[in-house]
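The structure under discussion is supplied below as C-alpha cells; questions concerning it will follow.
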Amino acid sequence: MAHVRDCEIITHREIAPDHRRMVLHAPEIAVEARAGQFCMLEVREGFCPFLRRPMSIERIFDDSVSILYKIVGQGTRLLAGLQTGSVLNVQGPLGNGFPIPAEEVRAILVGGGIGVAPLPGLAETLVARTGLAPEVVLAARTEAHLLCEQELSQMGCPVTLATDDGSAGFHGFADKCLRRLEPDADTVVYSCGPTVMMRAVHTVCVEAGARCYASLEAEMACGDGVCMGCVVETNTEHEFGKMARVCREGPVFDTRDIRWSAYDVR
Amino acid sequence: MTSVNLQVNVGGLLMKNPVTVASGTFGYGAEYADYFDVSQLGAVTVKSLSLEPRAGNPPPRIVETPAGMLNAIGLQNVGLDTYLKEKLPYLREQKCVIIANIYGNGPDEYAVLARRLEDAGGADAIEMNLSCPNVHDPQNACGGGLVAQHPDQVARYTEAVKQATRLPVFVKLSPNVTDIVAPARAAEEAGADAVALINTLIGMAIDPETQRPLLSNIVGGLSGPAIRPVAVKMVWDAARALRIPVLGMGGIACTEDAIQFLLAGARAVAVGCASFRRPDAAINIVRGMEAYCRKHKIDDINTLVGAVKV
Amino acid sequence: MTSVNLQVNVGGLLMKNPVTVASGTFGYGAEYADYFDVSQLGAVTVKSLSLEPRAGNPPPRIVETPAGMLNAIGLQNVGLDTYLKEKLPYLREQKCVIIANIYGNGPDEYAVLARRLEDAGGADAIEMNLSCPNVHDPQNACGGGLVAQHPDQVARYTEAVKQATRLPVFVKLSPNVTDIVAPARAAEEAGADAVALINTLIGMAIDPETQRPLLSNIVGGLSGPAIRPVAVKMVWDAARALRIPVLGMGGIACTEDAIQFLLAGARAVAVGCASFRRPDAAINIVRGMEAYCRKHKIDDINTLVGAVKV
Amino acid sequence: MAHVRDCEIITHREIAPDHRRMVLHAPEIAVEARAGQFCMLEVREGFCPFLRRPMSIERIFDDSVSILYKIVGQGTRLLAGLQTGSVLNVQGPLGNGFPIPAEEVRAILVGGGIGVAPLPGLAETLVARTGLAPEVVLAARTEAHLLCEQELSQMGCPVTLATDDGSAGFHGFADKCLRRLEPDADTVVYSCGPTVMMRAVHTVCVEAGARCYASLEAEMACGDGVCMGCVVETNTEHEFGKMARVCREGPVFDTRDIRWSAYDVR
C-alpha cells in the first residue's frame, strides 16, 4: 500500500561530486517498502516543476528510508537545495521490488553510475533472506563517481570496481567485469544503471544461462499505473499487453522479457 | 445552515458531488484506492475504452512542460472485454458512479461500445472521446484532424451513440477549434446530454541537444494548470450557448480552480493530471467545495453554476 | 570555426540575429535601454500602433496564471503621430532594425498605417496584428471573432497592406483556430512576406472569492512559458506548409526555448512576456544562440531552421 | 537608471504578525533610489509564480535598501521563506519618488496598514532636505498592526496613532485623524495605504486646500512601463493619455489627478 506523506529530511549529505544521500523520516513507507521499490518526490510546492521525481529506495530502516541521487536537472537541483529538518512530500513505496530467491544462491549485483542506488537495500535483503552476501560489480566513469563501496563491503559483499577510464579497479565496462566473475545457470544477476549497461549485462547472462533482473527507468508522470506514460516493450503479455508500465509491472523486470531492440529507435 | 447540497445532475447522471476525474488520469479507479475511498467522488471516469485492447504509441510518451505536461499515450487500454471482466467489478463493488469514456474507429464502433457497456451494466454514463490528439480515426470523413474539430462529424458520431444507448451521453470536445460553440452546439443538436471540455491542447517539444522531438509521436496533448485559463474561457462560451450541461476540466488542481469552472458555467468538473502530483486532489476538492459553500453561505452548489458576475 | 553567422532574412528584412521582441512586451525600445543596448537585437518590434492613440481597456488588465499571465490591455498606445515624433528618433539614433506592429479598424486603416510608416521611415518591416483578443474590429466582416480566425479576411487585410507598402509585411496570427495552416496560407497567397505566430491564447480567470472575472474585460490573452508547446506545434505546422518564413513566438524565456522554435521551422523568434521577469532575456538569448552554435559546430544559424529530426 | 541584480539578504525579521522587514545588499540600487520608488522582486526561480512582486523601498542606506512587506499570498509567503544570507533578484529603483518641497513646509504623512512602507524613507528625506520632521498619522486595524512607530519617532516625527478598533491611539480612520491635525493650504500631505483611505485623505485635503500625494498600487507585470498593465485613470493627459501607468507616471500621483470614481466600478 502506497502513501503520500510529508517527510522530514533527517540527513542530507554529498557523497560524491553532484551526488547526495538523503534520509527521510517515513515510518509508513519504511514499514511496507521492499528493495527495488521507488518513491515519487514532490521536489517543491507549486507547479514548476509540475511532476514528481522518481527515486529508488536505497535502504530501508525502521522508520526511515534513504535515497541516493545525482543532480542532473532542475528537479534534482531543487532537491539538493533542501535542508536537513525541512519537509519533502513523498509518495511510495511504488512498483515491485527485486525478486528474492528463497534459498541460498549465488547473486551478483551490477550497478553503473547512480544506478547503484537500489543495490545496498537489495544486498541487505539478500543477506537477511538467503544468508549469503552477494558479489557486487560497481562501475562508474571515474573513481570519483564510484558510489557505496564502503557500505556494500561492510555488508560483507565482495566488491569489484570498474571504471571507464581505469582510474580505479578494472579498466572497462561493467559487463566485461561481470563476465570475468563467470556467472552460470545457478547465478542470479541484478543490474541497475544506464540502459546500454543493463543490456550488455543481459547479453552476458543469456550466454551464461544466468537469471537476470534489471531495474529500468522511464519518464513517469503518475508512478501509480494510471497514466500509461512509462511503458517499455516486453516480449510477454502483461496487464496492458506488451507495453508494460515500468512503474507498475516494473521497475524490475526479468531482462529476457525486455524487447531491448525497441531502445534502438529512441 | 444544516447541510450543503452538493448533488448535481449532469444530463441525467446524478452525481453526489460535482467532482469526477478526467479520463486517462485515474486508470480504472482501483489504482488510487490506496489513497482514498474513490466511491466518495461524484463519479469515476475511466480511461478511454476501445473495442479491442490498444497498445498505444511507442515511448517516450511524457514530457514535462511549464506548469503542465505533454502526453502522447495513444489510448493504451485494456479493451472493453477486459474492462468488463476485470475492472468493472471493483468499481461496482465500491458503488462508484461510472462514466465510461469510449474511443472507436468510426461512429459504428462508438455505438457498439456504448450499447455493450449499457447491456453489461458497465457504465452510468458514456463520455465520447472525439478529441484525442494522439490517435487517428481513419473514419473521420473530413480529411484529417480530430472528429471534434468538425461539427458535422460531431453530429454524426453523437447521433450514432444516442441511437445505441439510453445512458446519458457526454461528448468530449477539443480546445483546438476556432469557436468551441460550433462543435458544442452540433453535439447538443444531435442529442448529446452534456458536453465535456476541454481535452488537451495540441503541443510539441523538441530537445535542443538531440534536435529531436521529445515525444516519439512528435506531437502530444498539453494538460495541467498551464491550460486552465483556456479551459475556463471555453466552458464559459459553451455554457452560455447551450441548454445541456457542461462538464468542465483542464488544469484543475484545487478547490478554487474548480469553483472557477462552476462559476463559468460547468455543472460538474473533472480533475485530470493534478492527480499525478497529488493523488488525493479530487477528493480534497470535494471537501473544499463543501467548505467553500459554508463560508459563502450557499446551501446548494447548483446555484454557483454559471453565476460569475460579469 | 572562426565565427558564427547569426544573420537571417525574414521575408526581406535582414536581422543581424534571429531575435526580436514580441509586440507589447518591450514598449518602444527605450524603456529597456537601462538594461542593455537594444540595438544589439536582431530587431525591435514595437507595441501595436493605431492611427489615433488608444486608451485601452479599464483596469485590472493583468492576471498572473501558472507559468504565464493573462492580459487585456486593449492596445493602449500613443498612436502613429506621437510614435513618429517621440519614439522613432530614439530607435533610429540607436540604429535599431524596427518591426512596426500595426492595428487598425478595417483593411484601409491598416493600409494607411503601413504607407505612412513607410513614408516616414518609421519601420523596416510591418507586422499586422490581426489577432489581438482584447479589441474588436467592427470591420471584420464575418460576424465576430478575430480577423486571423477567418482566412478570407486575412487575405483581404493582407492584400490591402501589400498594396500600400513595399516594406516586408508580416501577418500575425492567432492560435485560436482549428488549423493554423489555413490563415497562414491565406496570408501567403495574399502576398505576405512572413507570418508571425502565435499571439496569445484566449483565456479567462475568475476570482472565487468575489465571483467576478479578474480582468475588467472578462477575457484576456494567455502568454508565457505555459503556452510554449502550443506555439512550437503551430510553428512546425505553418513552417512545413508555407514557403514564406515564420517568425515564432510564445513562451520563449531562454536559449533552449528559442532553439526549439528554430528547429520547428521559425526563421526568427520573438521574446515576449519573459522580458517582464528578466528584462535582458532577449539579449541573453542572442548570446546563448552563439554559444549553442559553437557547441554544436554550426557555422550558420540558418541551418537550424526546420531541422528538427523527425 | 534601473538595475537587475542578485542581492544578498542582509537581515530579514518579523516586525508584526505576518509583517517582515528585509534589508537587501544593493549598492547600485541604493545609490540611485529616492523615497517613494519601488523594486520588483523575483520571489523565486522558475515560472511559478511567473511575475515579479512590486515592493516599495522603505529606507535607503549606503549600499542597501530595506523593504517592509505583509504576507498576503503565494509570492509574499515565498519571500518570507528566504533566509538571511540567501540571494534575491531585485529590479529597481523603479517609478517616481515623492515630490519633495524645496523649502521648509508643514508635511503630514498618512500611512495605513502596510501602506506605511515607503514613509520612513520619505520622512528621512524630508528631514534632510527641508530640515523639518513631518507629522505622521499611522493607522491600522488594531494595535498589533501599527508599524514603524518607533522608527518614525526616532527621526523626530510627531506620530499620531489611529486604529479601527480603538486598541491604540485615536479610535477611527486615518482621514478623521488627519482632519484633527488641521492641514491647510500650506500643508503637503503624503498618503499610502488602502485605496479607500487614500481617497478619504484626498477629500480632506481638497476641503482644506492642502496639496496631497498618494502612492498607488496596481497589478503590475513589467514595472517598467512597457506592458501597459498597471494603469490608473487620471484627470490630465500623461504620455499615454488619461490612462497613466502606475509604474512609470507613478506610483506617486497628485491626488487631484486621480479619477477616484473609476475605482467605484472595480
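Letters A, B, C and D mark the chains in the order given here, with residues in each chain numbered from 1 onward.
Everything that follows uses one rule, which is that a residue touches a chain if its C-beta (ideal position, glycine included) is under 8 Å from a C-beta of that chain, and two chains touch if they have at least 3 such contacts.
For clarity, every value in this text was computed on a predicted model and none was experimentally measured.
Chains that count as touching both chain B and chain C, per the definition above, are A, D. Listed here as common contacts of chain C and chain D: A, B. In terms of C-beta pairs in contact, the better-connected of the chain pairs A-C and A-B is A-B.
Chain B and chain D have Cα centroids separated by 47 Å.
Rounded to whole angstrom, the centroid-to-centroid distance between chain A and chain D, based on C-alpha atoms, equals 55 Å. Separating the CA-averaged centres of chain A and chain B is a span of 36 Å. In chain C, the positions touching at least two other chains are 65-68, 224-226.
Multi-chain contact residues of chain D (touching two or more other chains) are listed as 47-49. In terms of inter-chain touching, the protein chains here all touch one another pairwise.
On the chain D side of its complex with chain B, the touching residues are 47-48. Chain D meets chain A in the complex at residues 46-49, 74.
Note for the complex: chain B touches chain A at residues 24-27, 31-32, 34-35, 47, 53, 55-56, 58-69, 71, 73, 76-78, 216, 224-226, 253, 273, 275-280. The touching residues of chain B, counted against chain C in their complex, run 65-68, 70, 145, 149, 176-179, 201-206, 208, 210-213, 218-220, 222, 224-230, 232-233, 236, 251, 255-256, 259-260, 263-264, 292, 307-310.
Against chain B, in their complex, chain A makes its touches with residues 1-4, 42, 47-52, 91, 218-233, 239-243, 262, 265-266.
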